[in-house]
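Below are structures written as C-alpha cells.
Presented sequentially are two complexes of chain A, the first with chain B as partner and the second with chain C.
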Partner chain A sequence: MSERGAERFPIEKMRVNRHRWIFWSSMAGLLITLSALLATLLFLVWQATPIIRQSGAGFVFGRLWYYPEQMFGALAMIYGTAVVSLVALTLAVPVALGTAVLSAEYLDAGARLVVKSAVELLAGVPSVVYGLIGVLFLREWVYRGLAPFDPISGDSLFTAGLLLAVMILPTITTLCDDALRAVPASQRAAARSLGLTRAESVLHVALPQAAPGLLAAILLGLGRALGETVAVFLVVGRQDNQLPDKLFSWDALISPGQTLTSKLGGPETHLAYGDPLHWAAMAGLAVLLLVMTALCLAAAKGIEKLTKSRAARVAGQS
Partner chain B sequence: MQFHRFCLLTFSAAFGLTFPLPAQDSLRVSGSTTLNPVVSEAVEVLRNEKGLRITIDTAGGSTGGINALGDGRADVAMSSRSIQERDRDKFPSVKYHSVPIGQDAVSLVVSADVWNGGVKNLSGSQIRDLYEGRLKNWKEVGGPDRRVVFLNREPGRGEWEVFTKFLYPDRNKPPMTSHPMVGSNEETRNKTGGTRGAITFLSTPWADGKKVFALGLELPDGNVVEANGANIASGQYPMSRPLFVITDGEPAGAAATLIDYLLAEPGQQLVSKHGYLRLDEVQ
Partner chain C sequence: MTGSRKFIRWLLPTLGLVSALVVAVVVIFIVTVLLQRGTSSVSIHFLTTDTRGAGSEGGIFYQILGTCILIGSALAVAVPPALAISLVRSVFLQPHTRLGKALDLILHLLNGIPAIVFGILGLLIFSKLFGWGKSWLAGGILLGVMILPTLTVALIERLAAVPRAYIEAATGLGLTRGQIILAIWLPQSSGGLITGSLLGLARAAGETAPILFVTAVFSGATVPTGIVDNPLLALPYHIFVLAQDSFHEGARANLWGAALVLVTLITVLNLAALPLRFRLHEESRHA
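Showing the complex of A and B:
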C-alpha cells in the first residue's frame, strides 16, 4: 500500500505510522555504525597530528624508532607487517585454493557441508589460542627445523607468518569456496557436454570465471592478517629497527622483527601516556594500520562489484 | 501505540546495556610483574576476608603502573623502581607516595649452554659490550663458541630501569640498541631458557637454575658477588632495588588496607615466600 493510498484510507495510514519505527530504528543502527567508524578514524588522526606535523612523511619512511631519543620512524614496522602478511598468504593461498576446489567442485552436498563446517569452526578459534600454540610448539619447531640456517631464536617474521597462515586459512578457504559455487552450474554442464573432463572444466571454466572472487577472498584474508595482534606479538620477537638493505632477504625473514600490531600491542602504548609526541606516534601507527587494512578491503569490494556488473552484462547478452 | 512503546523500551534497554556501568568502588592496582605474585596473593586474602573489590594488572610493567596512577587509571601502582624526576614532570599534579615493601635484585641470566660452557660471571664492562653488541661470541668471555643472543627487556619494566641505571649511571638515556624483546618474567625465563647463547636480565628469584642460570657480578676491585640474600641486604650486590607500592597522596580506604596488610607480618611472609627480601632483612 503506497503512502498516497494511505491518505485515502485512514486505517491504512495508521498501519503505516504504527510501523514507522522499523525504518527509524534500523536508520539509528546505521548511524551508530557509521559514526563509530568515523569517530575512530577522526580520533586517531586527531591524536596523530603532532607527529604528522613534526615529521610528515618522515614518520612513514623513517628507518629508526627509539622513543627515549624521540625518534619515530615506522618503516621497519611496515616492512615487518608486509613480510609477515606475504609469508602468510604464500603459505595459506595454495592450501585454501585446494580445499575450496575440492569442496566446491568434487564433493557432494553432504560432504561439502562437513568440510565447510570444519573450516568455519577453525575460523572461530580465538587468536590468543593460536598464539599460545605458537609459543608452546611452533617457535620450538621453527627453531629446530631452521637449525641449518642458524636462526637467532624461534621468534622470527617467518614464525609469525607461519602462524598467521593457519589463522587466515579458513577465511580464504570458505570465501574461495563461495566464489567457485557462484559460477553457474549450467557453465559446468555445458563444458562437460562439450567433452571436457571434470578436471578440465575446473581448470578452464570454473577457476577463470571465479578468478575475481578468488582474488577478493585472498584480499579479505590479507586484511585479517594485517590486523592480527596477539598471536603475532607472542612469536615475532619484537625487535625494533630490523630493516634489511635488500627488499627481500632470507636473513631478515628468519630473524626477529616488529610489526605495526606487535608494537601497538606492546608496553609502549602504556609508556606513551603523558608524552604528546610519543603518544601521537603510537596513534600514527594505528592510522597506518587502519589505512592498510582499508585499502585491502576496498580492493576486495571493488573486485566484487566489478565481477557483479560483468556477470550482469553476460546475463543480459545471453 | 502500546507496541510502539514496548519496542522503544526494549531498544533503550538493549542500548543502555552497552553504556559503561557507573564506576564501582573497586581498587585498581597496576604495574610490575615482579611485585605481582606478592600483591596478587595479598589481594586474594583481602577479597576473601574483607570482601574488598580489587582489580590487578601488569600490562605496562612498573612505568606503565606509575603512568596509570598519574593518569587516574589506577589507584595503586606496583613498582620495582623508585619515582624519578621524569615521572613528576609527566604528571606534576600527582603527589607520589611510595611505600617500600621489600627488596629485590636483578641478575644477569644465561641459557644452559652458556652456563655449562663456562660463563659463570661477568664484569660491568663485559656486560656493556654485550648489551651494545660489541661482543658477539661467547668465546670472547671464556664461554663456548656460540653467537650471543641478547634478549632485551621491554622498556618500562623495572628490571630494564635497574639494569640500564647500573650500566649507565651518568646518562639519563641509555644508548639505542636493537635486540629481540621479551616482556614478563615468565616469558623472559622461557624464551631465554629455550634459546642457545641467550642472555638477559631478570628478577633474581626467577632465575631457577634449571632453565636459566644467574651469573655472578665481577666488581671493579675483582671480587665476584652473587645475588644472594646476604649480599643484597648488605648492599654489596649493586643491581638491587626496593619494591614499592605507590599511591597519589597518603593512602586511604581500600588502598590503606592493602598497604597495611603488605607491611604487616602476613604480607611480609608473602614477600619472603616469593623470593624477595623482607623489610627487616634489609640493613
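Showing the complex of A and C:
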C-alpha cells in the first residue's frame, strides 16, 4: 500500500479509537463508585457532628443514654460490644485453631474436604437463622445452664457472645487453615528429619511461622463479631445503661445488655430521625462502629503485609 | 522418647479432634433442626400462597419473590462497577502499583463494613434524602454495594489467572488493548464473574440488617410498581419479625419453613459456585 493509501485508511487509529470507550467507562465507573462511597461515608460523619460538638469525648465516655433527657453516652454500648466480641473470640479461637491444626497438619485431602465443607456450610447460614436458633434454643439453654447464678432471663451478653462464637468460627477456621497451609512443606520435612515428632513440628515450626496469619485471622473474626447485628439483636436483651462499675463483672455478663449494633438495629433509629441531636448520636454510634471494624481490618491487612515482606527477606537470604 | 514428648505427640491431634467434633456437633445440630422443623411445613402450597393470619397460616410466596427481586437488583447494581474496578485493577494498571494496592485495601475495608451501617446509610440517603420511603430499589442498591467486593475480588483473581501467552499472542497479532479486553480478558474471566455473582447472590439473600429500615415490611406488599413507597416482603425479614414476637404454633411452623427455604436457597447458590472455584485453583496450580 502506498503512503497515500495509509493516510486515507488510518487503520491503527480507527482500531484504537473504537475501543477507547472501554478504558474511559471503566475509569468513570471506578471513580463514580469510589466517590459515591466516600461521599456517603463523609455524609454520615457530618450527620454525627452535632453530638461531637455538644458532648465531645463525653459522647464516647458518657455512661448514660437516656434520649428523653437528651443524654447520649455510648460507653455502655461500647462495653457491650467489647464483652460480646471477647466472649465470642474466647470460645471460637481455640476450637477454630484446633480444627485448623487437625485439617492442615493431620488430615489427608479427602478428610480435609469434609471438614472444609462442614465449615463452609456454617459460613453459609445467614445471621437471622442463627438468631432464630438463638431465640428458640440457646436462650433457653443458657437460662437453665446458668440457673445457679440466678440470671434475669436467657437474654444476656453471654448468650449473644456464645451465638457469635458459632458465627465467627468459620471465618477464623478457614483463615487459620490457609495460614498453616502457607507454611512451606520443606520446613516441616526439615523438622521431621531432625527427629521432631509431627506434633513438635507443628508446635515449633508450623504454628510459629504461621503466627502472623493466625493473628490476622483472629482480627478478621473480631471485625465480623463487632459488626454482627441481627443475631445479637435477638438474644442480647437490649437493655440500656448496663455498665458495671468494674471492668469485668460476672453480673453484667449474664444480664441483658446493649451493643452498638443492637442499638442501631432497634426502633430507636426511626424515632431519632426527627430530633437532630438524637439522630446525630445514632449516626455517631454508626461512625464508632465503622472506626472499630476498620481498625481491625486494617490491622489484619498490615500484619499480612509485614509477613509478606519478611518472607521476601528470608527468601532473599537463602 | 521421653514421656512428655509422647504425651504431646498424642495430645495435639486429640485436641484437634475434639475441636473438629465441636464443629461437627454444631453443624449436625443446625442441619437437623432446620430439616426436622422445616420439612413438615414446606410444600407446594407453602411456596405458592400468600401469608395469612400474621404468619400463622398460608405460605411465603411473596417473601420468596421479594428476596429474588432484591438479589436480582443487587446483582444488576454490582456487576457494572465490579467489571470497571477489576478491569482498571488488573488490566489498565500495572500489577504492583501503589494505586492497585490502595484499591485492594479499599475493597477489603468495604467488605468489612457492618451490614447495619449500610442500613443506616440507606435510611439516611434513600428514605430521607431522596424521599423514597421504603423501596425495593434502595435495598437492591445497598445489597449491590455490599456484594461489590465479592464480585470484584473474584473477577480480579480470574483476570490474574489469564495466561500471559494469550495476551502476548494477541498483542503480536496487532490487536489494540480494547480489542484484547473484548477478545481475551473478558471471555477468559467470565468464570470469575459467574462465581462472584453466585457467591454475591448467596450473601445478599441472607442479609437482614441493610433492608431493615429501607425496604422490608412484614405484610401488605406484593410486586413493586414504582420506586417511591414500594416496599417488599423478604425471607430474612419475615424470619426476623416472627422470631421476635410470635409464639403461635402455626407461626413457628411458618418460621422454620421460611428458614429452611432461605438456607436451601443460599446453599444451592454457594454449591453452584463451587465447581468453578475448584477449577480456578487447579489452573493456578498448573500455571
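Convention: the second predicted complex is superposed on the first by the 282 of 318 C-alpha atoms of A that agree within 3 Å, B and C clash if a C-alpha of one lies under 4 Å from a C-alpha of the other, contacts with A are read in each partner's own complex, and residues count from 1 in each chain.
One rule holds in what follows: contacts are C-beta pairs under 8 Å (C-beta built on N, C-alpha and C of every residue); 3 or more make two chains touch, one makes a residue touch a chain.
Small disclaimer: the values here were computed from a predicted structure and weren't measured.
Peer 1: Touch test for A:I152: chain B only (first), chain C only (second), both, or neither?
Peer 2: After superposing on A, A:I152 lies in contact with chain B but is clear of chain C.
Peer 1: Which partner does A:H270 reach: the first (chain B), the second (chain C), both, or neither?
Peer 2: both
Peer 1: Is A:V166 in contact with chain B, with chain C, with both, or with neither (first, second, both, neither)?
Peer 2: In the superposed model, A:V166 contacts chain C only, not chain B.
Peer 1: Based on the superposed arrangement, let me know which partner A:K246 touches: chain B (first), chain C (second), both, or neither?
Peer 2: In the superposition, A:K246 touches no partner, neither chain B nor chain C.
Peer 1: For A:S25, decide between first (touching chain B), second (touching chain C), both and neither.
Peer 2: Both partners, chain B and chain C.
Peer 1: Which chain makes contact with more of the residues of chain A, chain B or else chain C?
Peer 2: C
Peer 1: Give one of first, second, both or neither to describe whether A:L121 is in contact with chain B, with chain C, with both, or with none.
Peer 2: second
Peer 1: Kindly list the residues of chain A that each of chain B and chain C touches, one partner per complex.
Peer 2: The answer is residues 18, 21, 25, 135, 269-270, 273 of chain A.
Peer 1: Would you mind writing out the residues of chain A in touch with chain B in their complex?
Peer 2: Residues of chain A touching chain B: 18, 21, 25, 64, 66-69, 71, 135, 139-140, 143, 150, 152-155, 237-242, 256, 266-271, 273-275.
Peer 1: Using the touch definition from the top, list the residues of chain A that touch chain C in their complex.
Peer 2: 12, 15-16, 18-23, 25-30, 32-34, 37, 40-41, 43-44, 47, 94-99, 101-103, 105-106, 115, 118-122, 124-129, 131-133, 135-137, 166, 169, 173, 197-200, 202-203, 220, 223-224, 226-230, 234, 261, 264-265, 269-270, 273, 282-283, 286, 289-290, 293-294, 296-298, 301
Peer 1: Any idea which chain B residues touch chain A in the complex?
Peer 2: 1, 3-4, 7-8, 11, 59-61, 63-64, 67-68, 70-71, 90-91, 147, 149, 151, 154-157, 173-174, 176, 178-183, 190-191, 194-195, 198
Peer 1: For a test of understanding, state which residues of chain C touch chain A in their complex under the given definition.
Peer 2: It comes out as residues 1, 5, 8-13, 15-20, 22-24, 26-27, 30-31, 33-34, 80-81, 83-85, 87-88, 92, 105-106, 108-110, 112-117, 119-121, 123-125, 128, 145, 148, 175-179, 181-182, 202, 205-209, 212-213, 236, 239-240, 243-244, 255, 259, 262-263, 266-267, 270.
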